[in-house]
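Below are two complexes that have chain A in common, paired first with chain B and then with chain C.
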Partner chain A sequence: MLAQNVELLSDDQIQTIHEASLGVLQEVGIRVLNETAREIFCRHGCQVNTQTGNVCFPQELVEKWRKIFPSTFRFYGRDPRYDITIPDDGPAIATTGIAPDVLDIENGERRRATSEDLSRIANLVNMLPGIDLFFVSTLLSDVPEDRYSLNSLYISAKKCLKPIRCGVNTVQNFKDIIALGECIAGGTEAFQERPFFYFGHTASISPLTINNESTSMVIEAVRRGLPSMAAVVPNSGLTAPLTSAGTLVLANAEFLAINILIQMVKEATPVIYYSLPATSDMRNGAFSCGGIESGILQMGCAQLARFYGVPSGGYAGATNAKLSDAQAGFEKGMSPMAAMLGGLNMVMLAGLIDALMVFSYPQLVIDSEIGEMIKRVYKGISLDNDELALDVIKTIGPGGLYIDSQHTLRHMRTATYFPDIASRQSWQKWWDTGKYDTQARALKRVWNILAGDNPDAFSPDVDAKIRATFSDSLYVSV
Partner chain B sequence: MADLNAISNTLIKGDAGNLTSQVKAALDEGTAASEILNKALIPGMDVVGERMENGDMFIPEVLMSAKAMSAALGILKPLLTDEESKSAGRIIIGTVKGDLHDIGKNLVAMMLESAGFEVVNLGVDIAPEAFVEAVKEHQPNLIGLSALLTTTMTQMQKTVDALKESGLRGQVKILVGGAPVTEKFAQEIGADGYAPDAGSAGKLARSLT
Partner chain C sequence: MLAQNVELLSDDQIQTIHEASLGVLQEVGIRVLNETAREIFCRHGCQVNTQTGNVCFPQELVEKWRKIFPSTFRFYGRDPRYDITIPDDGPAIATTGIAPDVLDIENGERRRATSEDLSRIANLVNMLPGIDLFFVSTLLSDVPEDRYSLNSLYISAKKCLKPIRCGVNTVQNFKDIIALGECIAGGTEAFQERPFFYFGHTASISPLTINNESTSMVIEAVRRGLPSMAAVVPNSGLTAPLTSAGTLVLANAEFLAINILIQMVKEATPVIYYSLPATSDMRNGAFSCGGIESGILQMGCAQLARFYGVPSGGYAGATNAKLSDAQAGFEKGMSPMAAMLGGLNMVMLAGLIDALMVFSYPQLVIDSEIGEMIKRVYKGISLDNDELALDVIKTIGPGGLYIDSQHTLRHMRTATYFPDIASRQSWQKWWDTGKYDTQARALKRVWNILAGDNPDAFSPDVDAKIRATFSDSLYVSV
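What follows is the complex of A and B.
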């Protein structure tokens, strides 16, 4: 394991940001558009301005509540084999969402995503070793929007045993996902014990706003004991100060506010310091989630999360590239690596291109490989006697070769990472076998996985039960 | 004789304080309000537009110029005839139903104002019927629909349909924008125009009026 995280900020600097955020919460406050949330804040000692809806947080109150945040967050898979707890089992690699479009698997053209796409994606995520968490990647153009969550989770859970998160934006959607979870788990209690669906929400909106409908769902979920991931999404230059320090102060204040609300609803509810920091390009306003600033800001967020003793996670490795080209490669390589080295426990990087607007099949496979390499770095190196290899260094001595030693034989399958997509062929062999580029090799892998059986698909019994329960609201045939 | 060129340059620099003094001074010297508008301010904003398109000016600079322009217009407007002070057009703008994101939309509103439009900003979470009512009330030339969430962009279609049903579709041009929106989507739902970013919204709006 990495001996220590790379610290972007000094202890003093972290303290400065923390205190600045406390100042923002106390003096500027958060505009809370949800009445129940305002009542909860008020009951616990925040100052609520009934005219503006602004809620100000006394510093001692924030200091008291932030100490209640639990130190771990557990993701349950439908199969316990895929359970993952952060920070202990991290870094966890996750897919990103939710894109309206895909690049068509056959012709590569951009079009709206369908349930057939999502079914394939879930199948791929289930089989790809570099991805731990499936955050539903696309919208479904063939499903009515008020049934989106139910249908996307049904399709996803049918193919993927890893923990699944989907977007929920209406109360109906929220009820649907709980009902589906209970149906799959075999009852309310069983689902509550292992809640393998996670809902992402945008209750917190930059700058300094807690919105209405999502917040109702957050409160309901927390009361039911269901895990909730509150995203903080500051956009430097637009919804946050352009400077990284200012963005961190704002994001940190927002993180504290929404997660203190969650604790006030139910103490010790697990939380994640969950963020999507990105800059806005001052030349044209473009959402620049592929910018290196996202990696830098995630290093800061991860460090702040450690300061509060909570797990961290979020987008690092979104890209503004339009295809799986070199830009996609370096944007999806550099920020995630920086974020992981900075201690980000959950790195969301896989599947999407074009500023999170398009899903790409080959990119998902490439990103799984990036995820595996990032984990490899995190794993670090072991220094036991066998790995130190002093004996073999002595035996071979100056001028020899290590390739035929017992030591090499013993370690040859595990000492190095074998990439699946990166090519190490000779030029001649690469040329003779069709001179495929990265994207083409990744697409071949996509087809290979999809051609195989997915042993983890729903049993026909479970499927029949779900179909019967939701006969009015399941629109998909996959 | 007032230095119209200097006024243009102050506008391009986005210095509202100096611009208003210079405009007042020019008026005091006897320069006609229409001359200041047509020979200093409008040419100045044209330069701003060009420079933005070339990447020489960044959006915050453009917005400063727009604010300065608006301050200068505040002084000139009472002195201009209705014909002289006519805006490039009126546009109502709002984020569609179910979507509470207004920052991008507000940025576009600022850019449209800087392009000379009179903007009626309806806010967020605007239902199709509310857009229809607003068209009846404000009689705009254009209507701008914004969505950030991929789950709410479908409301754009519903809004276009509501305008058709109300019989008002022919009176207004519809512009759509927002991160998940594409040119193709705009065409599919029957909108008249799509701008990929705030910077190009003003130009698009001008091309449609």
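What follows is the complex of A and C.
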């Protein structure tokens, strides 16, 4: 493990941002569009302006509630070997969502995503070693909107044993999902003990607004004891100050407000400092989630999360690239590396291109490899006696070769990372074998995985039971 | 500026590597193939085994000499506005060398590099904002080997005002180069005051060997008061232990030996902890300079450099990719980001692909942009009152938009980085304007720069004087 994270800011500067956020919460407040949330805030001592819906937070109240945020967040997999707790087991690498479109796996053309796409994606995520968390990547154009959550989770859970996250829109969705989880887990208790479905909500809308519908869902999830992640999504220059410091102040105020609400609903509910900071390109207003500022802001968010003693996570590998080219490579490599080294515990980077609008099969495979490289850096190096290698340095001495030493043989499987997609062929061999670029090699790997032996994650009996339970609601045959 | 670097290792672990290197230098020693160097080491108290040529270093001697390494290294540009001192002005972004081949600028095909290529490259480096140091990128197939240094520096200096580095093979090379420098600077004193040519040597050959010819050149340069950079180039699993800890011990012993030699030749000569660590892929023996281990090892080297109080620099953006695709993007983005955040003061990343064997024009342009992104992260964020933006947060309040605020207008030119090659077009616009990938866009930019107004860096008079002085030795017409 690394001895010390990068610190974007000094301790004093973090304190400055914290205090500035307290000032914003006390003096400006948050517009709370959800009535239940307003009532909860009011009941706990916030000042609610009934005309504007603005809620102001006394500093002592924020200081009191922010101290009860739990320090860890656990993701359960369907299979316990995929359980992951942040920050302890981090960095966790996650897919990103939710794209309406995909690049077709056959012809590469952009079109609406379908159930069949999601099934393939779930299968790939299950097999790719660099990805820990499956946050459902796409919408489903072949499923009615109000059945999206159930169908997405059914398709995903059928092929993927890793922790799964999805959006939820209605109370009925929640009921369906819990029933689905219970079917899969084999009972109410089994699912309550290991709830392997997760929910993400953009209840907090920049600037300084807590919305109505998503907030209902957050409250619903927390009341049911279901893990919920509430995102803050400031867009510097559009919905937040253009300056990074100002964006952090605003995002931090929003993080505090929504997560204090969660604590007020149920104390000690696990939370994540969960953010998607991005900038607007002032030349044309473009949503520039691939900009390096996303990485810089995530370094700041991760440091604020450490200040509050909560795990951090969020998007740090979004790209504005339209295909898996050099831009996709450096935008998906650099910000996540910077954010992880800044202490981001959950790095959402895998699968999407074109500013989160399009899922790309080859990109998912490339991103898994980027995820493995990030984890390799996080792991750091070991300095035990055998790793220090003083004996072999002495034995081989000046001018010798290490390639056939016992020391090399002993470490050859573990000492270095063996990439699958990054090619180390000689030029000649690369030339002779078709001159494929990385995107083409990754697409080959996609087909390779999909052609492999990928049994369903639950038995035909369980599947039959699910089909019977949801005979009206499952629109998919995959 | 960042408040705190990443630390790959704890202080205790750095001490362990330091002590292990002292042990290697004392017990195993360095094979010194250069007679002058052996004499210098002997004269200063090292034990020389006259049969093997091995030189052993008493610990006290190493501890004494390593304490006089100067703490800064200054690069002079031909134009003082390109002067850069590391670590103070870092991270400095440099090109990498020295490739025998290029991808032809017209047809993209691989062939030997020529003087015309180098002239174009120097021109591009001069114009690209992300690159601070021009380390000559290619060999010259149209120039005799013994005239390589003179011709390379003439071509480079004619088009590039930034600090320039080249290899040197003979004493005659040195004399020629100094005469060239004096011609350009306008006199002996002018060049001595601001020596804008730099020399890199691989005098240290892993494992634990100081070679003959390059070491002569290092001694020659130091005696003449010319800036010299002595590289350590361990290859884990081939010429160094496969384990990262062992590679660091070996590299560190080599760094100490060659740089103590430099101090013994002339005390307080500025040095750099200058390294190119890479691994061998144990599956096929490939030189895997694009592997993430290069970044990890550079984090270690940078930390050791801080321990010794010397600036650090080296290769951290080599790639095994054969074209400017996603692999080139993430290999050139991730290791340099990790190494810079680990404190590497000079990051050599620009221009080469295929494991340093091939120069690519579009890659140089892409790498300049990567360099700018790295510097943006290093710069960190400012927290002055205007950046904190409390007034505007208060004024705009919940639910407003920042896009047309005075605060946004005031910061729009500086708050975020505006990429040139990374596209933020909408999908439709990208589609309608030719669906170019990043490599193609970068190549367009190459042509664009080369078509621009790029006056020679020195006058026709100076050029005529150089041509007259070196009428027998200049083989180039560019």
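Assume the second predicted complex is superposed on the first by the 476 of 478 C-alpha atoms of A that agree within 3 Å, B and C clash if a C-alpha of one lies under 4 Å from a C-alpha of the other, contacts with A are read in each partner's own complex, and residues count from 1 in each chain.
Methods note: a contact is a pair of C-beta atoms (placed from the backbone, for glycine too) under 8 Å apart; a residue touches a chain by one contact, two chains touch by 3 or more.
Keep in mind that what you see is a predicted model, and the values were worked out from it rather than measured.
Colleague: Could you tell me if A:D142 is touching chain B, chain C, both of them or neither one (first, second, both, neither)?
Modeller: After superposing on A, A:D142 lies clear of both chain B and chain C.
Colleague: Looking at the overlay, what does A:M357 touch: chain B (first), chain C (second), both, or neither?
Modeller: A:M357: touches chain B and chain C.
Colleague: In the three-chain superposition, say which chain, chain B or chain C, touches more residues of chain A.
Modeller: It is C that touches the greater number of chain A residues.
Colleague: Quick one: classify A:G400 as touching chain B (first), chain C (second), both or neither.
Modeller: A:G400 sits against chain C, while chain B stays out of touch.
Colleague: After superposition on the shared chain, which partner residues are touched by A:N169: those of chain B (first), chain C (second), both, or neither?
Modeller: first
Colleague: Touching A:A99, do we find chain B (first), chain C (second), both, or neither?
Modeller: It touches chain B, and chain C stays clear.
Colleague: Between chain B (first) and chain C (second), which, if any, makes contact with A:T239: first, second, both or neither?
Modeller: A:T239 contacts both chain B and chain C.
Colleague: Is A:N211 touching anything from chain B or chain C once the two structures are fitted on A? First, second, both or neither.
Modeller: After superposition on chain A, A:N211 lies in contact with chain B alone.
Colleague: What is the shared patch of chain A, the residues that chain B and chain C both contact?
Modeller: The overlap between the chain B and chain C interfaces on chain A comprises residues 110, 205, 237-239, 282-286, 355, 357.
Colleague: Considering the complex alone, what residue numbers of chain A touch chain B?
Modeller: For this pair, the touching residues of chain A are 98-101, 110, 139, 145, 148, 167, 169-170, 205, 211-212, 235, 237-239, 282-287, 355, 357.
Colleague: List the residues on chain C that touch chain A in their complex, please.
Modeller: 2-10, 13, 16-17, 20, 23-24, 27-31, 54, 110, 205, 207-209, 236-246, 248-250, 279-286, 288, 290-293, 295-296, 299-300, 320-334, 337-338, 341, 354-355, 357-358, 366, 369-370, 373-374, 376-377, 380-384, 386-390, 392-394, 396-403, 407-408, 411-413, 415-419, 421-427, 430, 435, 437-439, 442
Colleague: Contact residues on chain B for chain A in the complex?
Modeller: Within the complex, chain B touches chain A at residues 55, 58-60, 98, 100-101, 103-104, 107, 149-154, 179-180, 182, 197-199.
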